[in-house]
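Let me give you the structure first, and then I'll get to my questions.
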Amino acid sequence: MTTIEAPASREVPYVSAVAEAFAQLMREDPAIFIAGEDVALYGSVFGVTRGLLNEFGPERVIDTPIAESGIMGLGLGAAATGLRPIIDIMFMDFMGVCMDEVVNQIAKMKYMFGGKAKIPLTIHTMAGAGTSMAAQHSQSLEAWFCHVPGLKVVMPSGPYEAKGLMVAAVRDDNPVIVVNTKTILGMRAHVPEELYEIPLGKAHVVRPGTNFTILATGRMVGESVRAAELLASDGLDVEVIDPRTLQPFDTETVVASVKKTHRALVAHEAVRFGGIGAEFAAQIQEEAFDHLDAPVGRVGAPFTPVPFSPPLEKEYLPNADKIAAEVRRILGRQA
Amino acid sequence: MPGAVGLVVNPASGKDIRRLVASASVFDNREKLSIVRRAILGAIAAGVDRFIYMPDWHAIVASAIAELREDSEFEPLPVPSTDSALDTTRAAERMSELGVGCVITLGGDGTNRAFALGWQDAPLVAISTGTNNVFPQMVEGTVAGAAAGLVASGKVPLREASRQVKVVHVGIEGEKDDLALIDAVLLDEAFVGARAIWSPARLKTLVLARAEPAVVGMSAIGGLLHPVPDCADAGLVVEAGQGGQEVMAPIAPGLYAPVHVRTFRQIGLGETVEVRGPGVLALDGERERRIKPGQAVKLTVRRNGPIVVDVPAVMHRAATRGFFRSAQSEALDGD
Amino acid sequence: MTGISTDVLLDIHRRMVRIRTFEEEAGKLMESGKIPGALHLYVGEEAVAAGVMVHLRDTDQITSTHRGHGHLVAKGGDLKRMYAELFGRATGYCKGKGGSMHVSDLDLGMLGANGIVGAGPPIAIGAAFSNKYRGTDDVTCCFFGDGASNEGTFHEAANMAALYKLPVIFICENNGFGEFTRQERHQAIHDIADRAAGYGMPGVVVDGMDALAVYESAGEAIARARRGDGPTFLEYKTYRYFDHVGVRGMGVIYREDSEVLEWRQRDPINLMEARLAEQGLLSPEGAAEVHEAALADVREAIAFAEASPFPEPSALMEDIYTLTASAGGGA
């Protein structure tokens, strides 16, 4: 990209924010290496590791065989013996191939060893539908990992979050899964040039409001802001919250918002049934039941594999309109 | 059982530590199975319809037979499988009793030594699937099978295309006798361990039935000092140690090492060399017998070993007699 | 093929005896209900752990299996903390959170026994990668069984180890059974080392009941890895005297008693003692002393474990996450 603007409004696309985070982190800490399929020579199929091989060499930027269990185990063994690996799993759907490493080994080693192990491991992966990649390259499976004690899960909603959360994830001494959304890789926003951390476990109020709370993850944060704008014409003043970290979840910020607005909806791109929104909704009801004026709503994808054909995929994907419609339904108003 | 071909496959050959400490070939058992198939088909083409085989624990021969679906007669020997060299010796004893016409072995020097312990003057076609192969030949399984078949069925008389080889007779004071086909070597070792020899510093006395310059192993040490081929009615004794000369010899595949030689001398057939313990006696390249301090070992080279089929000579005779040609052309050429 | 010093010979013997004693006593305690859960005992396979581990430094790592006590004992693990873990006590290696299947000691490079068959190889290549990355000449020994050799994890790790020339040694303890299934019923090959060539590394088959054959072959493979020449696959043919779980070994549906007795005739400890006696290096009295000393240590460890407290209920929620100074902290 060519930066013409003054640094104060340094607009950077999501993909470059991630690449910048990787490079700056690797300059800072020689224990960091990155391994994954086509991350070195090709610079990752999404471009997030472009330039790293040139700067850091093949010892630290490693093309692996297509062998997710092997790659993930390599990350664990290296993390347990003093390194700080970043493991790239190209599509989140491929996490299925290495679930034992993630769920039974990485997440549990510390606990099983009585607290002795330290696993500073970052898993970087791409979720999300909308590119006609069909059922095995489009899923959002973050809820699976939020269910496993020992793991942390973050889900950036834009370039600023992508860099700041990545820095925090890599510096964290625990396994952290960074779930990016491939359809927002081109999204541009202000990103500070220096290294900065967005603290894990801390939600962010993206748009303050007074009479409705939308809690949205990943790409749905932007869609929820759009929905809020649509709903403003109905006279609604919607607050949009991005939890940023799904595990650990910042219950406090969300509950404070709901106590103020009395109505809430959770939105994510993942399938609605059993999605992380179900957990969020349950927590809101547990902590703020007496403050609620309506049931907590949920927007997510329908219970179907992700389809290939563009019209079908469009039907599948949640968006601002669907979020706004659900808010109106909850409020009993017609669009 | 004249007319039958015997089959003995050593499942353990071609897998020992010399793949690690030297550059020896790996003979996986699937390859051995393929060679057995080819040998059987070669023998069938030569007119054999009866096979006697040693059942090995890995079921190499049995699997080869099952895959072939030939209606020839295949008879396993009723010897219990111990998954050790003892199986081969017992199978040899039984084949000798049955008067099998010709035996095909798959293995290295060690395998054939184990066979000769049970049937010293067996008619053999030895296919090399071992490590140091002075005794067995690098011969295509198909052709080896055909040659064995021609001999077993009497189409080419054994005496016309074979030679009886020399062996080293080993008499160990107070213990049972032993045999080596190529070499018997006293080592400065206390234990059998991983069996193979890869350290020249441990060599003490070598008694060689053959000293061949174009092979690998103990025989090559003598062969590069003073060749004594199998056709010569003599053996060679080499005393290793400082104070003499140095010979650079391949003591294992790819492993050239300087061997210090104090003296060497040719010995006649029937002449006995006596060595004394302590040490370990290696036979055909493998540490086999521990020798106690002061215990005497008598080593004698004699020409009363296996009768080795000369595969090219057998095939040449079969060809000149038109055995594989149609009746018409046979009539035209006559013989 | 190097002359083995008397000290090393006696050390290997001592390690084998300690494993056997540890396991037999643990088995009895499990049978009597004193140790909760499942124990997978290593009895019969001692020569492998002892013959390999005697070459290793504390900074060399190992990955282990569900049958992992022997590996930790041989690597120099503290018997007291091991027994305390088996008893589920707060003084155990894992504060009672891991149990038999997760005993570990990171200070000894022991990256854990593991409840998942085939979990070790990917972790082992990670540790080996780390050794190489950090510029040490430490090596990682990856123990696994014939059953695990059918797991995809083994194949992925073997491929990557050879590709990256990692200082890792794949040590296949082929005891002839994947749980209760005989080897010929779970794979179409008998020598698992045959697979090594397919990944581009040397593979050798060694008698796993002979501690000296193990010692020699492991020594060569470890030296090769330290030199930077890459991985080796060592297959040790060995045998599990007891059942997959527990101490019952005879009268089981999946094997004949006679087979067990045949293997026991080549018992690795007896074999070693006979050789040491033959060389005049260990008298019957000397051997008895080693066994007695091991039993005394084990009994002391058991007493320590039994006298140790159980973890407080509040420990349940501890040790899930590491508190990180620079980032977001635990949940």
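Which chain is which? They are A, B and C, in the order written, and residues in each are numbered from 1.
In this text, a contact is a pair of C-beta atoms (placed from the backbone, for glycine too) under 8 Å apart; a residue touches a chain by one contact, two chains touch by 3 or more.
Small disclaimer: the values here were computed from a predicted structure and weren't measured.
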{"item": "Topology of the chain contact graph, where touching chains are joined (line, ring, star, complete, other)", "value": "line"}
{"item": "Pair of chains whose C-beta contact count is the highest in the structure", "value": "A-C"}
{"item": "Between subunit A and subunit C, centroid-to-centroid distance (C-alpha), Å", "value": "40"}
{"item": "Distance between chain centroids, defined by C-alpha means - subunit A, subunit B (Å)", "value": "67"}
{"item": "Distance between chain centroids, defined by C-alpha means - subunit B, subunit C (Å)", "value": "38"}
{"item": "Residues of subunit C whose C-beta touches two or more other chains", "value": "none"}
{"item": "Subunit C contact footprint on subunit B (complex, rising order)", "value": "11-12, 15-21, 26, 28-30, 57-59, 189-199, 202, 290, 292"}
{"item": "Touching residues on subunit C, where the partner in the complex is subunit B", "value": "1-4, 184, 189-191, 193-194, 196-197, 202-206, 210, 212-213, 215-217, 220-221, 224, 232, 234, 275, 278-279"}
{"item": "Parts of subunit C lying in touch with subunit A, wherever the complex brings them together", "value": "61, 63, 92-98, 102, 104, 106, 111-112, 114-116, 119, 121-131, 133-134, 140, 152-153, 156-157, 159-160, 163-164, 318-324, 326-331"}
{"item": "Of subunit A, residues touching subunit C in the complex", "value": "33, 59, 62, 64-65, 67-83, 85, 100-101, 104-105, 109-120, 149-150, 152, 168-169, 171-174, 197, 199-202, 245, 247-248"}
